[in-house]
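Chain nomenclature is as follows: A, B, C and D, assigned in order of appearance, with residue numbering initiated at 1 for each chain independently.
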Amino acid sequence: MESGRKKIEWVSNFMPLLNYLKKEYKGVFNSTKIGMAIHLEAKTAYLAITLKELGADVFVTGCNPLSTQDDVAAALSEYGITVHAKRTHDEKIYFNNLNKVLDHEPELILDDGADLSVILHTERTELLKNVKGISEETTTGVRRLLNLQEKGLLKVPVIAVNNAKMKHFFDNRYGTGQSTWDSIMRNTNTLIAGKNVVVAGYGWCGRGIAMRAKGLGANVIVTEVDPIKAIEALMDGFNVMKMSEAAKIADIVVTSTGVKDVVKYEDILNMKNGVILANAGHFNVEIPIEKIEKNAEKIFEARENVKGYIINGKKIFVIGEGRLVNLAAGDGHPIEIMDLSFALQTLSLIYIHKNYKNLENKVYQYPEELDEKVATLKLKSLGIEIDKLSEEQREYLKGY
Amino acid sequence: MESGRKKIEWVSNFMPLLNYLKKEYKGVFNSTKIGMAIHLEAKTAYLAITLKELGADVFVTGCNPLSTQDDVAAALSEYGITVHAKRTHDEKIYFNNLNKVLDHEPELILDDGADLSVILHTERTELLKNVKGISEETTTGVRRLLNLQEKGLLKVPVIAVNNAKMKHFFDNRYGTGQSTWDSIMRNTNTLIAGKNVVVAGYGWCGRGIAMRAKGLGANVIVTEVDPIKAIEALMDGFNVMKMSEAAKIADIVVTSTGVKDVVKYEDILNMKNGVILANAGHFNVEIPIEKIEKNAEKIFEARENVKGYIINGKKIFVIGEGRLVNLAAGDGHPIEIMDLSFALQTLSLIYIHKNYKNLENKVYQYPEELDEKVATLKLKSLGIEIDKLSEEQREYLKGY
Amino acid sequence: MESGRKKIEWVSNFMPLLNYLKKEYKGVFNSTKIGMAIHLEAKTAYLAITLKELGADVFVTGCNPLSTQDDVAAALSEYGITVHAKRTHDEKIYFNNLNKVLDHEPELILDDGADLSVILHTERTELLKNVKGISEETTTGVRRLLNLQEKGLLKVPVIAVNNAKMKHFFDNRYGTGQSTWDSIMRNTNTLIAGKNVVVAGYGWCGRGIAMRAKGLGANVIVTEVDPIKAIEALMDGFNVMKMSEAAKIADIVVTSTGVKDVVKYEDILNMKNGVILANAGHFNVEIPIEKIEKNAEKIFEARENVKGYIINGKKIFVIGEGRLVNLAAGDGHPIEIMDLSFALQTLSLIYIHKNYKNLENKVYQYPEELDEKVATLKLKSLGIEIDKLSEEQREYLKGY
Amino acid sequence: MESGRKKIEWVSNFMPLLNYLKKEYKGVFNSTKIGMAIHLEAKTAYLAITLKELGADVFVTGCNPLSTQDDVAAALSEYGITVHAKRTHDEKIYFNNLNKVLDHEPELILDDGADLSVILHTERTELLKNVKGISEETTTGVRRLLNLQEKGLLKVPVIAVNNAKMKHFFDNRYGTGQSTWDSIMRNTNTLIAGKNVVVAGYGWCGRGIAMRAKGLGANVIVTEVDPIKAIEALMDGFNVMKMSEAAKIADIVVTSTGVKDVVKYEDILNMKNGVILANAGHFNVEIPIEKIEKNAEKIFEARENVKGYIINGKKIFVIGEGRLVNLAAGDGHPIEIMDLSFALQTLSLIYIHKNYKNLENKVYQYPEELDEKVATLKLKSLGIEIDKLSEEQREYLKGY
């Protein structure tokens, strides 16, 4: 509890936007009931506290059975927030807790992955009438809700926080970029400079990972299936080749493609002794962990968070079981990145709270003006002023 | 002529895609008449030659009175291409030449800026019946044609080459990025490392310019009006401030915003003695040249392509009269970048040639499969192989 | 013990040079007694094991009361090495253990900081007759031994491992550069990109720290007292200013100057709320910790390894008490960097062992051929071949 | 003349140190006669003018038959400087001019390459009695004078400007780094991003060239004969391999080793069609031009400053005949870099002028306090202030 409180206080130092919103919108929620499903750790806890201070009654549960930090959960209760969350391997307990949050009859839902929203729409439909809207921040969650919408089952308005520019431009590039290498360095103590680092996928995450690997002195090799992205990688100064070739010279492999089996088991057979594998994609499907586990001659704990496998007499190391390396074996995104995302979420909830009567039961893109507002607040928090278009310049642009 | 031929031969060494397409589509145009309006220099000349070798009858004029290189024009005639182009300050001659190309009754139009297309649609409408379609490669040209379309005046299908990914991702970032600094360095012989370089605008061009300035050792300052782009610039490691502040410490200022007066005359009054100004945006409106010319105490030619002004006793240097610095005072984009763009154009003409009967009279986005084809050909020309999604992986992606 | 062994096994995977030397020089020491004083953790433990496998009888103690990891010490005993080391705050125990190693009458000394060597030359001079020579790897240790030499007190040959190129070029730039940021990131979870990072000192360490900060997306500001280094920093693209100015805008300050009070208490009063301070220099004198502790309105543990201070109502955070941040709050240099340093040390001991009869009692520069040997072995371990000068080329060079 | 004067005026804008010294030391030379041998172009002309304004009688000749720009020479005469220099292929004229400068019985010599000094010591020894000292700025010149010294033939004091930190740290890295790429880009108009750029040699020049190639988006490959430098290159993120391997994949090769035949003719046979070769080392011996010329099936002028060769049916392009690419096919170092070097030279002449009576007839290292003075003046010209060690800090450093 003491440790949980300390963690929350630490992150509060680096969340200027939530701190600002707490003041600007003080009391806005006026006892509205908000149900939240989140990875319950210090940063999300501070989001819950923020919503509480904005006047909401807040009910929190986890969005993944294993991601709840119990000391933070305990501390959160002390802030007057109702917490139904516990780190557990028991999925029943997990779903039970989701339902307990729904039992409070929330009016607004803040979801991460859409488990809460899907239960609401399938098993607890009697509660839908209370709900003004949902704010969902993940790609996966947005997809699930779009699926509901396509089938005509979506019964409340949804705002796709994930689609905000201030979310996906920043979270993926600067967040994943840094936290992936933070995790790999702390868990291995190996040198990055001069290493052959293979980055699978040159989407926003892959760009961030490759950029930071270069910044740490690595020789970066990118693999891609999209020829256009492959040429971008090339012109950004990276080597580009097939995974089957890259695998042979890799010292470290990081996957972030969103696709399964991006590293094939055959690739692993060709890797050098001592290679290190990590996944920065959402699901643990990019590295063929099951085949590795099945075929390894020996399996051992090599270091905290690092498993070693002997395959064909060579050692293969996998960080964090092939799960999202920055979360499974680190502290997740840097605090300031989450401050941006949480400001987007908070504003989206306020938006729904104020406008729900005019909203349809569909998935909305993130409102542009709120996206810009978050950017503007961030600049303000940094004391940075930028230019504004003059009336004349606006006119000029129309005349194109 | 000799010099023109030599220039053309030089660029042909670095245009693998045009060289490839010449073989793959040999004869495809089968005496189709193509009218082209282009900046007539070695790279575009080689595009004309390529179309000729693909079987077309080619008629060429300039797309800007001053951008025609007469030695290249002369050489081009020798390749069996009809050229109506001359470097001139006389706009009448320029428009006369555009009309001369139309006199040949072209069936396909390759346009750059849409002068040819607009004349066709306004003054020479009797020729529209021959025209199967237009391929237009600039932002400006696409906008003009969209305006025609909105007013119901567009009478032929148009393909917006500018909108291809292989165009705007590459041309702006890697093309403008390099050629802007090539031009500034060759025209000033000044050191970039350690300089305060102000880049106005953080769009694709501005990113390229900032990235390369950093790569040359500068301390880069970005100005923006869009708060989201401002934060991206910041997280890319650049300083961000208002132009009025940046102007005071600038050693070199490069504009690339597409807006007029991005540097204000008041900013210039605050600049340091010896500051160097250049514009990388399309039009010469970003630096307030007129006010500078009007108010300068003294104006002098400081170096070839560089004009000096004494204002308030301080020297201000402007490269290339504030026109697009890489073209007005350099050789334009690197050859390989234009090879990509020209491959896109060639494929779009073939596409129209084959499919015009099924096309409507509207502006089409660039066909994705051709965009990818160009990327794939580029990789092939480099001997680079990339991965392909397996059937299983495709299935996995659908199941998200 | 189990955990200690696991740690040692982990590092052994990334120490190709020690692994190679174990084979090449198997048995070379032929029961020679080696006394070692080291920071006893996994990497140094593996050095001790290597010496053991080269035939030596090895006696190990710590070189700092607090840097011994007891689980590693316990594991080391199992490898047949005599260990007199314990993590302790009691300096008596520490010096007792140094003496216990000397009691074994070592013939070769491997020292880190020169405590063992100084005791030998001052309090245990009767043992000097057994000693063939000393290998010392730190700047501090080399200075102390040079002082002994100047006073005519040095009685055995010494090899200054610290002065090898493969040591100070790599250890400082790539080792400190990476491990400083590894430590700051893991201990704060804050974003580096877009931050104002002030690096005090642009020596080899400072260069490494600045280079990696830039690589992580920071806006880097360097402070220096040497005008030449200041201009180098500038031309490397960094901002350069006085600490009193830099302090006002700093988000993170890292010192690495080797000088005390490089950050003054007055600077701290001008810093922003929430600033983070870390020291990467050898001693904890660069940040004025005592004055901070004395004057703070409140002191609190902000996070593991991070102390918070309230000064003038603003929060100041200090990582690792102002001690060497990569060691005090991290795992020290990356393994491969230490592999280079330890290979240099091992070769220097073999060199003394073979040549001591011809060596004088003075501090020797590191032998160039061994320096190159380590580089050559490193390249070999990576499978990299480089060019060789031909006879003709050698002749050409002489003819200059 | 008009063009020569304009060139000189241009460079004067970017030479703050010479401009400063002109004022600080006005009249110091008090009609002392200075003989100069230099590459006579705008930047060196401004050095001559500076010395003139400091009160000297200045006599100028070239230091290479081909590097004199005749318009600058003509303009220089108008400033009251005696010029004996002409661009010529006739070596007799060249040596005649050197002698003409000596005929004026100079008291101070400013030399570049030591031709003037060597003639003085061998053929014109009767003039030695007038000479107070020599300032020599090149590596080659310093070596020749050291050879004279070793043979007991040196009869005047020499200051080795080349050895100043403000010379070789900056000139090579930032000067050669930028100007090499400026030259390659302007002479080829090819894209650097995504290219395989092979840099032969990782000395100060090679580092600058590699660093800037990376900054322009290239995939950089370094070749070396020194294993330590090879590992530095590796840890700086570059690929390292043998030239015979690098040659096969190179798009652009730049040599800067100081050794002959660093590219072998056999390597050229293995290169790709269209490869571009350039040399940034002092002499045109690094690329085997003679063998290429002899064996080529066809030789042609490919572009201004670029020669094409057909060898085994493949095209090989060489810029500037394999001579120092930034000078032979460009404008040499950026102006500000030369300002640093010339300030060093000017100060060394003043130093000799004032202290010659106390100097021995030997080659002196560059005086440290003048080196620091130049750095300090440069910072001042930029308006940058840096820290100073306090008395306490100085004490602390002694106590180490």
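What we mean here is this: a contact is a pair of C-beta atoms (placed from the backbone, for glycine too) under 8 Å apart; a residue touches a chain by one contact, two chains touch by 3 or more.
By chain, with names taken from UniProt: A, B, C, D = Adenosylhomocysteinase.
Please read these numbers as outputs of a predicted model, since none were measured by experiment.
Relative to chain C, the most remote chain by averaged C-alpha coordinates is B. Annotation: the B-C interface is duplicated by A-D among the options A-C, A-D or C-D, judged by over half of the residue-numbered contact pairs being identical.
More C-beta pairs touch across one of A-D and A-B than the other; that pair is A-B. Per-chain CA centroids place chain B at a distance of 37 Å from chain D.
Mean C-alpha position of chain A lies 53 Å from that of chain D. Separating the CA-averaged centres of chain A and chain B is a span of 38 Å. For chain A, the set of residues that touch two or more other chains comprises 174, 191, 193-194, 214, 217, 231, 234-235, 382. Within the complex formed with chain A, the chain D residues making contact are 191, 193-194, 214, 217-219, 231, 234-239.
Residues 140, 143, 165-166, 169-170, 173-174, 223-228, 230-232, 234-235, 240-243, 245, 258-262, 285, 371-372, 375-376, 378-379, 382, 384-390, 392-393, 396-397, 400 of chain C are the ones that touch chain D when the two sit in their complex. Contacts from chain D toward chain B in the complex involve residues 6-7, 9-11, 13-14, 174-175, 177-178, 182, 185-186, 189-194, 211-212, 214-217, 274, 301-303, 306, 315, 317, 330-332, 334-337, 382.
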